[in-house]
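By written order: A, B, C and D. Residues from 1 in each chain.
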Amino acid sequence: MKRIGVLTSGGDSPGMNAAIRAVVRKGIFHGLEVAGIYQGYQGLIEGKIETLEARDVGDIIQRGGTKLYSARCEAFKTEEGQLKAIEQMKKHGLEGLVVIGGDGSYQGAMALTKHGFPCVGVPGTIDNDIPGTDYTIGFDTALNTVIEAIDKIRDTATSHERTFIIEVMGRDAGDLALWAGLSGGAETILIPEDDFDLDEIIDRLEKGRKRGKRHSIIIVAEGVMNGNALADLITSKADIETRVSVLGHVQRGGSPTARDRVLGSLFGAHAVEVLLQNIGGRAVGMKNHQVVDYDMTKAFTTKHETDMSLYTLSKELSI
Amino acid sequence: MKRIGVLTSGGDSPGMNAAIRAVVRKGIFHGLEVAGIYQGYQGLIEGKIETLEARDVGDIIQRGGTKLYSARCEAFKTEEGQLKAIEQMKKHGLEGLVVIGGDGSYQGAMALTKHGFPCVGVPGTIDNDIPGTDYTIGFDTALNTVIEAIDKIRDTATSHERTFIIEVMGRDAGDLALWAGLSGGAETILIPEDDFDLDEIIDRLEKGRKRGKRHSIIIVAEGVMNGNALADLITSKADIETRVSVLGHVQRGGSPTARDRVLGSLFGAHAVEVLLQNIGGRAVGMKNHQVVDYDMTKAFTTKHETDMSLYTLSKELSI
Amino acid sequence: MKRIGVLTSGGDSPGMNAAIRAVVRKGIFHGLEVAGIYQGYQGLIEGKIETLEARDVGDIIQRGGTKLYSARCEAFKTEEGQLKAIEQMKKHGLEGLVVIGGDGSYQGAMALTKHGFPCVGVPGTIDNDIPGTDYTIGFDTALNTVIEAIDKIRDTATSHERTFIIEVMGRDAGDLALWAGLSGGAETILIPEDDFDLDEIIDRLEKGRKRGKRHSIIIVAEGVMNGNALADLITSKADIETRVSVLGHVQRGGSPTARDRVLGSLFGAHAVEVLLQNIGGRAVGMKNHQVVDYDMTKAFTTKHETDMSLYTLSKELSI
Amino acid sequence: MKRIGVLTSGGDSPGMNAAIRAVVRKGIFHGLEVAGIYQGYQGLIEGKIETLEARDVGDIIQRGGTKLYSARCEAFKTEEGQLKAIEQMKKHGLEGLVVIGGDGSYQGAMALTKHGFPCVGVPGTIDNDIPGTDYTIGFDTALNTVIEAIDKIRDTATSHERTFIIEVMGRDAGDLALWAGLSGGAETILIPEDDFDLDEIIDRLEKGRKRGKRHSIIIVAEGVMNGNALADLITSKADIETRVSVLGHVQRGGSPTARDRVLGSLFGAHAVEVLLQNIGGRAVGMKNHQVVDYDMTKAFTTKHETDMSLYTLSKELSI
């Protein structure tokens, strides 16, 4: 293998730039040429491909977003689109591809691999919802963004003795809500992995108030319901006034934390090593404190396991 | 005067603790006793009053929210409530009161003053909307919270070539939107002080895209309309996809910036000096780089003047 | 077991408050009474012991430092001191003790355990240097503090084309230097675990300059040598001007990151569960992504293993 | 005037990029061409001059450092160097120059103006020490960096009951020390503008300890003496153990605060307006809450006035 490509796809996440930098420099370290593909699969089809030198990825490790941009691409979901992409890669002399993104992006990478073009996946998403890896790039940064917001809201909640509902990202996975709730000292955490009991929530709020709590914070993952709907539900059943805060898009941005930079670096470098063995269809991950690679199909055919022990612990500690 | 009180009222704002600390310690410096009243006017009526020593306000200058808590109080809007408050203050030996809050809180302070109990107002609100002072305590912190959010959202906006609408606080005053928009490099800023022209907004967005801008950011003050309504308006007129972020309650919290701590310290100290002269009905402020005091009624009978030169400048620079 | 104690000892680290909160609330959850001991072993000898309720540890999870304070204590290193401590604990009805601190603190805990008083250790130190656990409480926060500093210094380094030497904490362990160097994009990292080659350092600096690098950053762990000494060494051998920044005590403080809050919560809770089984002499840790406990003597009789793969990776990526 | 230049000189400061952006875009708004000169006066002599379009200064308002780089330049202090610079500017068609920097940089700008080439100065330095303006670009950011460090150090100081000496920048001006000390709640502040009394410092430390203060923080401007020297002085006279933290170069970096971005924008835009009137030898500033311009020589022939009322207030409040 002499020349490989790298792209970012799907929602951007902090630390993607660290992964790009690692792919480029680890590649150069092993004597490869590395090309960046701009705007994900869309750019791949359109041939937006440029060679990246070591200097081109300097001074990006600390930046949020992705230097290579990202985009949704309907065309790439068809075989026609995929063949066009392969054509472009051949034209640009690419022999392997590192795809940084979520499980949707992995499906595209697997399709290319099946067409004979080896791809390796690197998990980049703030949702931490990719099966086969304990952590994804961007989760730690998003988590810290959320707890900074909780800390700020708590100032106001305490000053005014209020109940706040904070809606965080997480359509299918409650990791962000769970970790944020535990580390933010939330009274109640609602995640897609578990049904919630409205009476119990209200009971906790009322008991907390009686015990002299000056504020209550409820974290709800968007996959459960939106924050305003939850507020309405609570108000319909009890005389409790709540305020709602929807954290939204800020959760995707920001300079990556140290951990996401390290994770991005480890994953990007390992992806190159896998490609160098001419192996495609693998996904990189962190499992039990080790960098690993595994069959990429696992990432979109199995279910992500949320660490439910944190859920139990959070309930025990938020008395 | 031998013993004075201090309370915080209305929405909390970062830097209120610095002002409380200054009132207490400046008072002690001048040989006064200082009592803290908890939960604003509500606590005043209920007699939640405690003497504060210098140590009691140690280690709070860096904290958001207000150590004395705040609350809304309907009862205090009646003369009956006001007389009860004066009764409590006499009972606790108070001879003067520093009220830290917004213009609504000033009206209560003026009522007490008219009943013969001297009050001095200190402007604490993130909205920067109190006539007679160039800055209020909390504005600078809220502003920096907003631009951190803009910076994060820009990561994502750039990565995905998107248009973002960011709704910030400001019912009547556009200061927060204006300063944030200028310092966040927003393309368009919508404030209550000026009508907006939907066609012009769309025109700017489309021109920007043609010139190769990778992202567009629109800041809208809540007093103009909510972010989602604006998004619908734009979509109804042009083929432009937007994302909306409502920053909400995080804007009130957080450790105060240096400026808000200095402002709180200067204002709290000056309020004590005014009270020491047995003068009530005054509000403290910063005017043309000087700490001043002025007739408190000005704060709720005149209109706050937003610095519209920033508005013009922002338009010129966001090309 | 009906009543247990908790103390913090040695250098403070962010996340200790999360661990204290977890010990107290997990204890209460299991029907125990929990007492806080102020100022570490010194306070234990002096009987500075107070029962903590669930509310007493509210609103501390986000605070740096330790609510229970810490102190060095020479007296406790003698058997006499230890017996006095046991006497105090008996007097206050304590039957078990959670010690949050570094390996020095563990030695004291082991001594008490040998005297028949069961102690469990929780690893709290920013150095990440306790054998038997992959992570200690405070490491992640300190690491992020360091990379924020590096990011700031890089602004100046880039603007002026300068070489910076940044000295970070770490007497015996290079973890902080290593992780910070990798995630900060440092050209060169000096850690106690490896000898350094001055000629190679100078060679890298000169090559970087020739390749057009606008700045160079060298991270040195204090255990290798101090930053100024390194600057002198470099200047004595080559015509390279360097600036030195000694990060110092800021590395210990600050609001803990999400990870340190989660770690503190998990560790504190697990320590209570171990004590409940009447087992002493155990240390809590995170090993291969699992919360574990192990023989506490391991922590001060074996050597901490730094992950040297990060060291190699950092060299490959900092071209 | 049809084409002007802009450069940054001297130590970099956060917000310089906002000023560069404002010069470029305000210039374009008025129909000018604007060229950036790289590496200050050195680059001017060497002709490192490039036209900047509106897009070239996009996405820089939030970045620390200076996009145009900076450098010291001995050659420019000679008339020969200055004439070379003018020659280059003529060659590149420049008719006016905006110089962003400190008072040293202003002297160069004045020399060019005297040679018939109109220059306008914009105050960019974290020291806030330029006569004629109440604030300089970068001061607010540096100040907030310092108080974040103080807040972190206080965590440790409180946990261990320690006295900390924190050395901050400021060779001739105590502004940074003064504002940081007041907003950080420091017990003692040492600035170049006032002699200090060692006995009084020690007295305050000892009294504070007796009153139960858990920590003491002393801020010393580098212009008074270095932190370690002060520690030695104190130890030589009293039994007080101190820790020293030298904040150093981090004070120059970081993403600018909102205020520094607004200030940079206002100053850069006003500089263009002054140049457009073909006036040279003026410096831009903020005086009594108004953007002004004034004779540039004032900036290096008169003395900066530090607001000593903050000094007095700080002493009164740090009891």
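Observations
The rule we apply is simple: a residue touches a chain if its C-beta (ideal position, glycine included) is under 8 Å from a C-beta of that chain, and two chains touch if they have at least 3 such contacts.
What you see is a predicted model; the values in this text were computed from it and never measured.
Common neighbours of chain A and chain C under the contact definition above are absent.
The chain with its CA mean position farthest from that of chain D is A. Centre-to-centre separation of chain B and chain D, using mean CA positions: 28 Å.
Centre-to-centre separation of chain B and chain C, using mean CA positions: 39 Å. In this assembly, the C-alpha centroid of chain C lies 35 Å from the C-alpha centroid of chain D. The set of chain A residues that touch two or more partner chains comprises 151, 154, 158. Under the contact rule stated at the top, the pairs of chains that touch are A-B, A-C, B-D, C-D.
For chain C in complex with chain D, the touching residues are 8, 11-12, 14, 63-66, 69-71, 145, 149, 151-156, 158-161, 164, 214, 243-250, 252-254.
Per the touch definition, chain C reaches chain A in the complex via residues 18, 21-22, 25-26, 28-29, 54-55, 58-59, 61-62, 134, 140, 143-144, 146-147, 151, 154, 158, 179-180, 182-185, 211-213, 255, 257-259, 261-262, 265-266, 269, 287-290, 310, 313, 316-319.
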